[in-house]
Amino acid sequence: VTRLADRHEIHELTVDIRLEGDFGASYTQGDNSGLIATDTMKNLVYVLAQGRPAEAIEDFAAALAGHLLTEYAHVASVRVHIAEQPWQRITINGRDHPHAFIGGGSEARTAVVVRSRDSLRFEAGLEGLQVLKTSGSSFSGFIRDQYTTLRETEDRILATEVQARWLYSAADVDFDDGHRRVRSALLETFAMHDSQSVQQTLHRMGAAALAACAAIEEITLTLPNQHRTLVDLEHFGRENRNEIFVAADEPFGLISGTLRRG
Amino acid sequence: VTRLADRHEIHELTVDIRLEGDFGASYTQGDNSGLIATDTMKNLVYVLAQGRPAEAIEDFAAALAGHLLTEYAHVASVRVHIAEQPWQRITINGRDHPHAFIGGGSEARTAVVVRSRDSLRFEAGLEGLQVLKTSGSSFSGFIRDQYTTLRETEDRILATEVQARWLYSAADVDFDDGHRRVRSALLETFAMHDSQSVQQTLHRMGAAALAACAAIEEITLTLPNQHRTLVDLEHFGRENRNEIFVAADEPFGLISGTLRRG
Amino acid sequence: VTRLADRHEIHELTVDIRLEGDFGASYTQGDNSGLIATDTMKNLVYVLAQGRPAEAIEDFAAALAGHLLTEYAHVASVRVHIAEQPWQRITINGRDHPHAFIGGGSEARTAVVVRSRDSLRFEAGLEGLQVLKTSGSSFSGFIRDQYTTLRETEDRILATEVQARWLYSAADVDFDDGHRRVRSALLETFAMHDSQSVQQTLHRMGAAALAACAAIEEITLTLPNQHRTLVDLEHFGRENRNEIFVAADEPFGLISGTLRRG
Amino acid sequence: VTRLADRHEIHELTVDIRLEGDFGASYTQGDNSGLIATDTMKNLVYVLAQGRPAEAIEDFAAALAGHLLTEYAHVASVRVHIAEQPWQRITINGRDHPHAFIGGGSEARTAVVVRSRDSLRFEAGLEGLQVLKTSGSSFSGFIRDQYTTLRETEDRILATEVQARWLYSAADVDFDDGHRRVRSALLETFAMHDSQSVQQTLHRMGAAALAACAAIEEITLTLPNQHRTLVDLEHFGRENRNEIFVAADEPFGLISGTLRRG
């Protein structure tokens, strides 16, 4: 919680830390003299968070990794993963409240920083972003063989939960701005694009993200195809004009792809 | 999906149906002649949904219950529970998209209609509404005895997941409007009210809901106290000025209460 | 953990406590002088557990409720719900290990004790007990109408997750023995009984439990019908001789019933 | 379900398939002529399962991958992941029932087969195996610095959920036997070994697995440290002689390591 004069800001973070280094003796000989207790790392995160103003999670992750390398000489490399759960201000009569928030969204912003004494790598992402469109999506022309029973369709519901991870080519980036640009490009492309397949949509979304943010080198998208199946009402003497669907749980296709700037 | 000329509307519903009536023979004698297969009820829901324009879930539940009573003479009473998962339009350059949506929120709108041949009862609600405030909440003056270790605090984080259920006193209500009024009253009171305890906040929220919507007879609120514990930084020579908290999972207090118009 | 001379015993309990009594002022006036903090109740549970040898969860719940009534004069009634997560000994070369355990089962043993100054009521139960039979289950003769598409079957897979709650007619019962008897009766009946419907199976299981344990007054069973759907292989020129099934997620029937000794 | 003369066998599998090959046009040009619908692959799995007797999931995965390579010339490589959810026979009066089963355990057996036209790689594993020991575990001698608040302990509860993945060096292995050997070695070592740290226990468990099964080349173990925290009862004038613990949710240490035969 950052307590500014006129409003509070809140950042809820889940931090995972992975250390690599000279820990062999603890595994093979039960010699714990090089082990840093999980509890100790937790305390270090709290202390570090206290001294810093609100900042992008990418910057906090880099600072945390740097601190661990400074503090513990036998640690060779640190990987910090942070997920930020979003809280939005409660709006009352059209005005944002200064210290009351609403949460509960499935979407999280993520950052992965890998840092050694001579390297620093920034990856950012988002996950849990549920999107759906009721038009502008078809699926036809796929392989038809002895195992195929799926009908072709020129107008289906397309629903997915976007997971994206992108790699920055530099360290001095405005990461908040980068996140906004990529997220907007992904959403806008999903909405506007006329989809022939999840594969094609994935490619268009990735290309749009690379175009929207010059600091990104590469982006990987994972899009599970969350089928909404048209209910057959012919048995009951009715025509289902693309109105009634049932959410199918399993099996589903998980489409994944990486685009690199080239 | 309702396909209007200029935009699509989508309603994702989960429907539970409970029947009461003369089913004794199926239990005691293995006589299935009175049983309605789950699959049959599912089909009935699809067919009914197809013929109706988008409407409040309370109205759809009442229609469904009525249909079941008409169709099956040995059914005495029907209870229909519907939960609606929210989808919001994707906004592009400040404008709502006509057929692309974003979802994933934890909040659901609920309705419970219980209907027999001579009675009809409407209950509505919401669940999964996560809220948090970083100021305006204290907890002190509670019982201190040999088992008490909790410190008093004049300024804590208050976080909860609101579950509300309210009972309408009539059937000819604009249920969408009722839902909006109650939801706004709950959020506004949570944000603006100076909280002495979750119990007091619950009472104020319930009273505000009754005041906001005259058609409501009674409201029940359940508010788990999702503790955010202040991290002790004194060990590390730092002062924690209400900035660093950790989300505690268990145990938590679950505060519940019902307010009736009196 | 109970540390006996030759072996350890472990009981992992989740305890929920609900108090009723004179708490009105805390709700309506923000007067916290009658509130017992959740944290205080948690401490009380720990202290009480420490002084007692391993005992049935029903007995521990009754003692806890009694302690709360003694300690807090303004509490009128206490409801204690306990769920016990099972841990079994790891077996090495056919012998039980004295202090190493294996867990992870979905089944839990439950107890609900409601106690006031002049009443005491014992309910016990189990939940999460997954069972399945590949033969001895049919479903036919049910209502066929315009909405019915389900086929009749004389040989289906029956799968469910048993939830049971039973009421004891006395307080001086060997609750561990009661739990064993009811659980065995439920499992044995599920396995041996030739099922015409889930409804009939529920009735037989409940009757067997009442027969197996004279101290039980009433039992309520809830059996979701977890459909396993026969896969249609005719499209592919194959016959599916009741071999290949797919687990269907939704919708499912939830069959519930209560049997009273009469 | 395999229906033998005197008993039934049941295998509940969850199958994931990942294809690599020449799918570029579907991504970049919306050309679906090379796409195999998820639904088609599902049908292929059902048909293949129908023709085969019960076999190890490793063998089924290899057959499935081989079938996909044969059927679709543009597929270069197939990765099949199978998880098997365990069902055990219900025992009545000490005898196994022929067709009634009990399930619900968190443990699953897994297999990952990666197959191309000229390579075949078998990985097997298990996950969700919950274990706990109430003695024979200490944690001391770790780094103590300004951030350390954790006390050293010579006798703690050790609890974890084992995830293991091992690589076979050959294809003509009795995979059921391999699974049994590795699982026994892991459990026995966990129970018998005097643990100085999770790291050391992980190393011992991995070494035991390699010793127990000559066909294994390498094993990777992941052991989250699921803390059970000793409750401080001194506030209440009691001594907690390692009897009362509380399960801590977060944060926890996730210890991971790979052992190769060398």
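Labels A, B, C and D are assigned to the chains in the order they are written; within every chain, residues are numbered from 1.
FYI, contacts are C-beta pairs under 8 Å (C-beta built on N, C-alpha and C of every residue); 3 or more make two chains touch, one makes a residue touch a chain.
These figures come from a predicted structure and were not determined experimentally.
For chain B, the chain with the farthest CA centroid is D. Centre-to-centre, using mean CA coordinates, chain C is 28 Å away from chain D. Separating the CA-averaged centres of chain A and chain C is a span of 38 Å. Contact of a single residue of chain B with at least two other chains is seen at positions 43, 47, 147, 149, 235-236, 247.
Chain-to-chain contact here is organised exhaustively, every possible pair of chains being in touch. By the touch rule above, chain A contacts chain B in their complex via residues 1-3, 8, 10, 12, 43, 46-47, 49-51, 87, 90, 92, 97, 99-107, 128-136, 157, 161, 187-188, 190-192, 231, 233, 235-236, 238, 240-247. Those residues of chain D that touch chain B in the shared complex are 146-147, 149, 235-236, 247, 249-250. Residues 15-16, 23, 26-44, 47, 71-72, 139-143, 145, 147-150, 196-197, 199-200, 202-203, 225, 251-254, 257 of chain C touch chain B in their complex.
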